[in-house]
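You will see subunit A twice below: alongside subunit B first, and alongside subunit C after that.
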Partner chain A sequence: MQLDNSTLLLVAAILGATWRMATPIAFAAMGAAYSERTGVVNLGLEGMMLVGAMAAVVGSDKTGNPYIGLAAAFISAALIGVLFAFLVLKLKGDQVVVGIGINIMALGLTTVLLSAWYGNRGSSDLVTGIPAINLLGSTNNEAVKIIFSQSPLAYLLIGVVLLSWFIFYKSPFGFRLRAIGENPAAADAAGIRIVAIQFLCLALAGGLAGIGGAYLSLSQTSQFVRDMIGGRGFMGLSANIFGGWNPLGGFGASALFGFFMAIQMRLAGTRIPSQIVQMMPYLLTVLALIPATRKSRAPASLGVPYHPER
Partner chain B sequence: MTETPSNYPAKLRGAGDWFVSWALSPTNLLIVASLIIGLLAGSLAILAGGFDPVVAFSALIQGAFGSSQSVLRTIDKAVPLVFTGLAALIAFKGGAFNLGVEGQMIVGALAGAIAGAYITGIPGPIHLVLVFLVTILAGGSFALVPAMLKVRFGVNEIISTIMLNYVAVWGTSYLVNGPFKAPGYVPQTLPVAPAINLNRVFILPGVNFSLLVAILCVGLTLFLMKRTRFGYELNAVGINRTAAGVAGISVNRTTYLVFFISGALGGIAGILQVLVVHGRYIQGFSPGYGFDGVAVALVGQLNPVGVAFGALLFGALRSGGMQLDRVTDIPVDFSIFLQGVVILVIATPGIISFLFRRRRATR
Partner chain C sequence: MTSFIEMKGITKLYPGVRANNAIDFDIGEGEIHALLGENGAGKTTLMQILYGLVAPTEGSISVGGKPVEFRSPADAIAAGISLVQQHFSLVGVYSVVENVLLAREPSRYGVLYDRPAAKKIVQGLCQKYNLHLDIDSPVKELSVGDQQKVELLKAFYRGAKVLILDEPTAVLTPQQVDDLYVTMREFRESGNSIVFITHKLKECLTVSDRVSVLQAGSLVQTLRAADTDAAQLARMMVGRDLAEMTPRRAKALTDQVLLSARNLRVNGDNSLEAVRGVSLELRKGEILGVAGVQGNGQIELAEALAGVRPIVAGELLINGKRFNALDRKGFIAAGVGYVPENRHRDAWLGEASIEDNLILGYQDRFTRYQVLMKDRIGKYARRLVEEYDIRLSALSAPGRSLSGGNQQKAVMSRIMSQSLDILIACQPTRGLDISATEFVRSKLVEARDAGMAVLIVSYDLDEIKEMSDRIAVIYEGQIVDNRPFSEFSEKDIGLQMAGASRV
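Entry: the complex of A and B
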């Protein structure tokens, strides 16, 4: 088939935008996979992303180095993950409600600190962000250039996805963490250190969500905006389900949701009312849950608290 | 009864014991702990922002209860939370999470406001009833979507209700910026008919009509849960879906009803804001009343009367937060942070034994 150049560039632009839109969702989806594979429903990912987005901006602002902001995002969101783990695993809190509480707390906290540190309730100052780099800089192909003009974090995502897949399915650690999600009592009896692994996975989940948040604030806007996650953490949870609790599947589902958002951006400014366009990714996410729920099976002990007697 | 006057003091002592055991019940300890932890965490957050915690908390309390005006404002803020709290409560009791009350509220409110503004030529009372019916149908039906996804396809209602909130926000935004937009810059509908504007209908000086509806709904929910067949089935399904099904209860029908009632209560929360406060539907009229419902239901320990108290607590936080916003540089969002902390503690009964573990160990 002969594609004329402008069509090719349009396709490339949509693919590039899909990747950009998918990246924060996919980071959340990876976090969701680590949580849910060890049997813990983690609704707090949205709030952890928000904390990460804020910490990234503050870190970059204070040091002038956005990568220190990125580290701050990972660490602070991971700490929220540890708080979540402590409340849910050690103090036997309700997983769903604690997750909701984390989100509300994160929204309140980030806005109070935004107001305190930047004197503005809506958005922070502009900081040094993490701009896109062209990985294949030597190529002369315009389409390839458009697609591969991405933030380093978008490339990092690919590594995280592949590594997570390897950890889940090819490593003894992954075997243990999946065993916890399927049958914690049996895993316990087999001598697997359940709580330690769950703590680690929830901290990692928080950290990954934090990187997703940092991507939004450092690579897309270069500033923090109140409540800027806009449901991407929940979309990540959906993507994880849609992808059958498998990192590769979760990435694929995130790419699909990212595609919805890329199309939404293309439709902005056309005759279709902007609100309807804005609504589409969320509506399509709901619809995507229908086949997803039918074909895939959740970890058997997902959402069922298990507290070893030690 | 074989009571003699001589054991009257014993009975009194019994009453005292009852009070002590009630006051020290895990539930109340948890609420007290949540307030204390909220105070501590809140102070830390305020210090991190470079403000003075003492100033902040006194402004918060002053704003919530300091004057008759602030008490009235607290009640105003609490009333919508009674409905959204009951909405979350009904869903919880029926074994489902309805995190979509916010969306159901704005859908119901917009539908009711449109009926209130565009239907003309009928007597006020009939019009009012009609507006409530439209609201209940719209809010309830919107809640049937996640119920249907759950029953027919097994879709987890936690995710679907959250996503449908965004659908509701953008969908209503389209309607109120497009076909139903009143002239002017503000995305809002035309005002409702003057006959059904309840802005000036007071049941007590300064206390408006919504409080009456709220008390009525608390009573109705209590009756529904404790005295009707549906309440029995609701509890059975909530405790164990499979067992309820085996016992001959139609689990699916109960789930649909639970979601419909839940969504309808959300709609009522919204339409009262329309009829009593704004006189029309205004985009963004809710500062998250629907989202707070879950927390209110939990603070109320999943009991309709408890919900009323939970709503009062969260209403006080909102009302106090507004004062805080006015007199200090701390934004109203500080009370959102406190609400989050309260939710975390209430959801985690283990905090009590964690805090008191040392004392218990020394016994």
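Entry: the complex of A and C
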């Protein structure tokens, strides 16, 4: 029984880590879903996460309340989302170029502000973070405790995923939103205010990415570190694609990413060469998801700019 | 008759083009008003302005006597105006129900899409207007005719009082056109109005009460359909008298087969079989017209015959030699010319110079030691430009600087000026106005008289009838009939295009 119990705890630890690893990626994946379902490829999510991560730390630092930091993260990243929307939809910039530009700008901006405000080009001071809570605090089961010892933001994620799924597939608004990504001209002719919805979705995408960034800086490190997103925005983009542009699928793909990252952490320090270990999450994820992408289909007008003549 | 909608002094400027020039246009209550004009005359622009899709540079619109400003289609729809565009505005993966209700979905508590109610609404509409459709299937799986019905349902659902139809008959069989007329008249009987955009004279005289003719962006005149005739309208449309188009058949059909296909099977872009066992022969000195409703495999057939689409099964002989590989170069060497349906996309390079575009595909014929002979190319290009009356700024200007119609002419000139035995032409006059159409047709006839074997694919039955020495009717990837022109009646072709069995 003793052996069984330790195995159980190991599994629980891996599952808990999976959730933690998946959370920022899944927030980005939700953001990607809102962007791409309205036809806009949003490579700027990485940068929006970075801005969110920094705003969260600054907000928490100035007020001492990490939840004000969280709000700051959502708002500032949403504003970057609006900037992206303005450049792409109003000034008709190329989606890919503007997205990459946003990432470069975010990296430069946060680095400059970091040295201006904290006198350090590498990391900020430590601030009040958002610690993990145990939703099932009353339980005595150790394994359950380990799994459900999560940041409130990780629980928030589940709500966001379910709500997004409901919006996309069960609400009239979702029907219009997806119609834009399929055929913006048709949506336009049907009288849908496509540009307004696109702006809203891109702002929301930015905000969600910002929360993902805040999760990293407030729940995992309690400080901002230069370039701390480390590609999670891009992983969120791929999770969204692997998940068939469906919030549930995007969450599942993020969980798979997270699972392999959790395993990777377990295997670090063993005799397996570290290069192989580091490669594993990516390799395994790609292999695991190849069958999933076969039947998934992108929104028909994804990445095709549509600019009404008025 | 009182006017329901009045458009006054509508002008729309695009860079370098005056698409609409101070046009006055009104729509009465309970009338079908035809808007007639050549391509590029400004019909579609005018209606896009009325529908709020395009903002006018100048001019005013009033509905029911009150001035309005439509900033988007939503405003126009609210005012009771609906537009069925030439290229349908449908979401392919959505079902008929979802498309009809898009942007006006029934919901519970405002947030939950109410599917049972949605279905009931669309069923009711179908019954009321006597339209038969599988309302649960995705619209991309419907025929073009059925997709048009979905567009009509959308308009009816929105409570349209004015329905704008942009060239609605272009994609229909003659029988479907008759059905459409019935639906249009029913709609009018309940006091509603229709603007019917067309460039076909016969149609607009058949179904409309009044006709407004546009030419080069300006209104020529609005008159009662009963007070005019085809000749007068044609004159107004083109701005000059037009020689009556008379069919010019081949003097005698020969037996010399240049191209022969046996049991060809070809897949479409979606990997489904589009051509399902077609056998046909193309003879020297004849024009074979392939009649059929769009999407019945005719384009895939033409592409296979021209060597740009792989043949899955069957045999293709050109001058007795077997061709099965996807080998466009071999086809060119064998003297097969090909005019694709979408010239702008498949036969024209926007960034390359016009001169280069004019030898595209035949560049090997203009080289010495693998170097292009610029002098010869220039001379050749100037000859083509003059012969085909291609309007351009300079031969060195980029291809995209040519207007759509001139691109069409340039592509035709490039292909027709090479020594060819066989010409495969898809929709050869698509997008051309009356004068350019007449020119291209006379070039095709000239080529035929010079001994070329010509295959024309067209959705326009009038074109098929005017041009063809033989007609092959294609339906769902099979040739259902293939006879000399003289043995067909119009009714036969129409029925066969719609899938009726061999007459």
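The rule is short, and it goes like this: the second predicted complex is superposed on the first by the 293 of 310 C-alpha atoms of A that agree within 3 Å, B and C clash if a C-alpha of one lies under 4 Å from a C-alpha of the other, contacts with A are read in each partner's own complex, and residues count from 1 in each chain.
Just so we're on the same page, a contact is a pair of C-beta atoms (placed from the backbone, for glycine too) under 8 Å apart; a residue touches a chain by one contact, two chains touch by 3 or more.
Bear in mind the structure is a predicted one, so any value in this text is a computation, not a measurement.
S.K.: If subunit A is used to align the two complexes, do subunit B and subunit C fit next to each other or clash?
M.R.: Aligned on subunit A, subunit B and subunit C fit with no clash.
S.K.: Going by the contact rule set out at the top, does A:Val304 touch subunit B (first), subunit C (second), both, or neither?
M.R.: Neither: A:Val304 stays clear of subunit B and subunit C.
S.K.: Using the superposed model, measure off the angle between the directions from the CA centre of subunit A to subunit B and to subunit C, in steps of 10°.
M.R.: 70
S.K.: Between subunit B (first) and subunit C (second), which does A:Ala185 come into contact with in this model arrangement: first, second, both, or neither?
M.R.: The second partner, subunit C, only.
S.K.: First (subunit B), second (subunit C), both or neither: which does A:Leu163 touch?
M.R.: neither
S.K.: In this superposed model, does subunit C or subunit B come into contact with more residues of subunit A?
M.R.: Partner touching more subunit A residues in the overlay: B.
S.K.: Check whether A:Ile133 is in contact with subunit B, with subunit C, with both or with neither, and answer first, second, both or neither.
M.R.: So A:Ile133 meets neither subunit B nor subunit C here.
S.K.: Once the shared chain is lined up, is A:Leu283 touching subunit B (first), subunit C (second), both, or neither of them?
M.R.: In the superposition, A:Leu283 touches subunit B alone.
S.K.: Nearest CA pair across subunit B and subunit C in the overlay: distance in Å?
M.R.: Nearest C-alpha atoms of the two chains are 5 Å apart.
S.K.: Subunit A residues touched by both subunit B and subunit C?
M.R.: No residue of subunit A touches both subunit B and subunit C.
S.K.: For the complex, give me every residue of subunit A touching subunit C.
M.R.: Interface residues on the subunit A side: 170-176, 179, 182-183, 185-193, 297, 300, 308-310.
S.K.: For the complex, give me every residue of subunit A touching subunit B.
M.R.: The touching residues are 41, 43, 87-88, 90-94, 96-98, 100-109, 111-113, 115-117, 121, 230-231, 234-235, 237-238, 241, 273, 275-276, 278-279, 282-283, 285-286, 289-290, 293-294.
S.K.: Spell out the part of subunit B that touches subunit A in their complex, as residue ranges.
M.R.: Touching subunit A from subunit B are residues 45-46, 48-51, 97, 99, 149, 153-156, 158-160, 162-164, 166-167, 170-171, 173-174, 177-178, 291, 294-295, 298, 329-331, 333-344, 346-351, 354.
S.K.: Okay, in this complex, where on subunit C does subunit A touch?
M.R.: 51-55, 71-74, 76-78, 83, 85, 87-94, 98-99, 102-103, 105, 107, 111-113, 154
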